[in-house]
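Shared between the two complexes below is subunit A, which has subunit B as its partner in the first and subunit C in the second.
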Partner chain A sequence: MSVLRPLDKQPGLNTATILLVGTEDALLQQLADAMLKEDCASELKIHLARSLPLPSDVNRPRIDLIMFVVNLHSKYSLQNVEESLRHVDATFFLGKVGFLAMGAGQESHCSIHRNTVTKLANTYRSPLFFCDLEREGFRATVAQRLVRMLQICAGHVPGVSALNLLSLLRSSENPAPEDL
Partner chain B sequence: MDETVAEFFKRTILKIPMTEMMTILKAWDFLSEKQLQNVNFRQRKESLVQDLVLLCEKKRASVHDAALLDIVCEDIDLFDMEQFKSSFKKILQRALKNVMVSFRDAEENAVWIRIAWGTQYRKPNQYKPVYVVYYSQTPYAFTSSCPLRSNIPLLGQALTVASNHHKIVKMDLRSRYLDSLKAIVFKQYNQTFETYNSTTPLQEKSLELDIHMDSRIIHENRIEKERVQRVTQETFGDYSQPRLEFAQYKLETKFKSDFNGDILAERKEPLRCLIKFSSPHLLEALKSLAPAGIADAPLSPLLTCIPNKGMNYFKIKDK
Partner chain C sequence: MDSYESTHQHIASSRLKDYFIGATPLQKRLESVRKQTSFVPTPPRRKIPQCSQLQEDNDPQKVAFLLHKQWTLYSLTPLYKFSYTNLKEYASLLSAFIAAEKQKGLAVEVGEDFNIKVTFSTLLGMKGTQRDPEAFLVQILSKSQLPSENREHKVLWTGWFCCIFGDSLLETVSEDFTCVPLFLANGAETNTAIVGTWFQKTFDCYFSPLAINAFNLSWMAAMWTACKMDQYMAATEFLWSVPCSPQSLDISYAIHPEDAKALWDSVHKTPGEVTQEEVDLFMDCLYSHFHRHFKIHLSATRLVRVSTSVASAHTDGKIKVSLNKSSYVIFPYCYIVFKMYGICIFHIEEAQWNANLRQ
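And then the complex of A and B:
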């Protein structure tokens, strides 16, 4: 069974690679476009995948950050993410994984409760962002955050590591379960 | 003459409108001019038909001659619009005292009918009419929803008799767009009107993918995506889909279970539920489900069979 590991490859020179995993292909594409529009000193590479595991016969760069995208309107997308999580090595969850939940703005269409994704993110000790990817303004904002986060995870920001960022992001609103 | 052959003659001749009777019989060329001259064409149709059938019997007409007559009838456009209209109106007026029927001829041998229903004591209600469009060259009529459901069988009967058919069947197909209903029912939805150049469509497709693909964006599941596109195209084609707003499935099933003593499976009553899909353009929405990643491809045949079967209201029962 192929499992993604964070440090099993050499990094590319000045390259930062993000893997977006989710069923909503068109929106992932738009998010990727938005990220590429950002000013960034690093060379960005964005991989889009519907689910994990990834096809094994491909030569791909080291992945610095994985974002799992869940559509709160679709139980199918949550199920897809839950199954994909099994193909990620535990060491990835030290700041190199994040969750993005979309569709929270339309409460009436949500078939997944916000708490479900919150619990999922807490279980994996990873940050959770909410964003309605269909709205261009919100999309641009989350793209900006992802680019900054990606640069840190790729080690391009001196003095800040992925693990540092993770503990900074864990605010008092979302304490780790053992802190409760 | 065999009874069945006589009956065949009777029915074939009955189908001929009075105005065309002479033309058809002459074109058939079985009964001589002299014989036809001796027939009284001014009598009631039923008696005329009887006389003609007797003549055929005397001349020992065979079933082949009857078949020839049938071909002649098909060849010459038999539908008499005026007869249909008067017959339709008469049937409704005979059954209901207060009913107003209006007609308007439209293109393609279509007639629009407007019916305002009244009751025995009330004048027709002009604000709740029913509209029917009948395409005379086809066995199809389209009706708007009838507010007085008790009048629906009568409407069906009037259409059937006036158009010389035996029975009328209600199709489980409803939409607000007449053109889409026509496209589905007359099977005209899968025609692309541009001239098909075998090289250009493929080029356009690959261009579309390139525009969106910055080389910094890599699709890991490209092969799967292409498969989904291919399956979607095979199912829905390249043409624009006819426009429907709903698909409704009435289920009546029983739970099946591997466990013994499962409470739900023990129910004697079947489980009834209704599933309704609604959209401003249902078929286009279904077509975009798999490419958008919301559903797996291929879609369930219950969804994709809609234009093919000409149904968007289904009843599904356990066999």
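And then the complex of A and C:
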């Protein structure tokens, strides 16, 4: 299983699974903890990975949402995400992939320009959120948002689908990639 | 003929638009923010500026004076009611202010004789385009007590203000303001603080320290490496900071300047301009070379300092031009300075853009 596909497994009963991909292990762990603290009717499963592809000999549940985490202070984290993206099936990008860019608050530490990640997210037609994972309050906000997105992507929110959400997230500020 | 007509029409309609919306500075500002939001604001490429006209204008002695000094960078909001004709008056006011600050509580009189002297002078030619306001220099000199040594003034502190290729900033500033967004200081920080306070009080402006992030440092590294010199004085050196707690670790990486130049030449394709891709590729080559030997991903660390034979820059906003006078003769100083300050000005514009987004 070198390429991740969204619908190659049966969903677990009332289970929503998210995969967080990024090189910042400690911060991803903290984000996962913050997500588990959120009040949520579905059973949350959070998988962390430094990079894709995932090892194929492990039995894991169906993944409903993949979030790629880029640290703007480290070019390596961007290169890692770019490499990992190649191991994701195209159908995932119909609303089940998102990007988190962390560290934009400390502008003087940035090695990657904001527009580079914006372009990346636009290329993959996926939403991008800027966040600060080092501050607890901000982390909780991101966690809340991710949990909500995950529930939608897992189909636990009646009337809204992942694709539906994706088209809603495209505001006038994020022009369609054709316009760039 | 067709094309002529269409351009003509376009000008007319844009004038009409200006008339109807009443292009006030605020609206122009909004317009430029909109422009920047709809288009990606990073320049994917930067032109290498031509400065033949500027070389003629500038005063070699004054320019030489700016070499070999470490400057701390500040960004500055436009000065209100600043006039180039009043420089003498400003000098006496500022020296009185400094004297008053130094002897807190005691009254001083403007024009009185203090043991310091302040001078204001313009730096002709230190600008990018004709529209840019003239750069000016402020110096604090110590006056010797002995009359015989009166002519020898020791420079205590130097600062200068400039605007280089500030077009997009200028178009949003109204008439009463002078836009010199970059301030460079050399000397004791207490003096910088006093001068800063005086400027803030007198011209209703605001100073803030200007940090250079790793993204812009790699631009500077690439552009300085690209400068061809007859004789290289120092190695091209990079300093990376490894983000690990509790103690931070620094990695220094020095390359022979000719090797760095050869690498740049192999990466650089388009004459007359430098593109983002070229800069990225140049840095990636250095990273992969280092990884091959030491198995360390430098791309996961933060670039904090770049120094070359031409100039050096530190992320905390300190820069220094290390050309000496002889190489200055063959190599136009402003050429390098423009590259450096152009980036800084761009940085300030971008910071403003960020601030606008937040509002």
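The rule we apply is simple: the second predicted complex is superposed on the first by the 177 of 180 C-alpha atoms of A that agree within 3 Å, B and C clash if a C-alpha of one lies under 4 Å from a C-alpha of the other, contacts with A are read in each partner's own complex, and residues count from 1 in each chain.
Quick note on the criterion: a residue touches a chain if its C-beta (ideal position, glycine included) is under 8 Å from a C-beta of that chain, and two chains touch if they have at least 3 such contacts.
Just so it is clear, the structure is predicted and the values come from calculations on it, not from any experiment.
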{"item": "Overlay on subunit A: subunit C relative to subunit B, clash or fit", "value": "clash"}
{"item": "Partner chain(s) touched by A:151 [first = subunit B, second = subunit C, both, neither]", "value": "neither"}
{"item": "Which superposed partner A:26 touches (first subunit B, second subunit C, both, neither)", "value": "first"}
{"item": "Touched partner set for A:119, first subunit B, second subunit C, both or neither", "value": "second"}
{"item": "Greater subunit A contact set [subunit C / subunit B]", "value": "B"}
{"item": "Subunit B versus subunit C as contact partner of A:55, first or second or both or neither", "value": "first"}
{"item": "Touched partner set for A:76, first subunit B, second subunit C, both or neither", "value": "both"}
{"item": "First, second, both or neither for A:44, with subunit B first and subunit C second", "value": "first"}
{"item": "Partner chain(s) touched by A:109 [first = subunit B, second = subunit C, both, neither]", "value": "second"}
{"item": "Stretch of subunit C penetrating subunit B in the combined three-chain arrangement, among 239-247, 329-337 or 347-355", "value": "239-247"}
{"item": "Touching both subunit C and subunit B, counted on subunit A across the two superposed complexes", "value": "23, 74, 76-77"}
{"item": "In the complex with subunit C, residue positions of subunit A that touch it", "value": "23, 73-77, 79, 107-113, 115, 118-119, 173, 175, 180"}
{"item": "Residues of subunit B defined as touching subunit A within the complex", "value": "212, 214, 216-221, 223-225, 291-295"}
{"item": "Subunit C to subunit A touching residues, read off their complex", "value": "37-38, 40-42, 211-215, 218, 243, 283, 287, 297, 299-303, 315-316, 351, 354"}
{"item": "Residues of subunit A touching subunit B in the complex", "value": "19, 22-26, 29, 32-33, 36, 43-51, 54-55, 58, 60, 74, 76-77"}
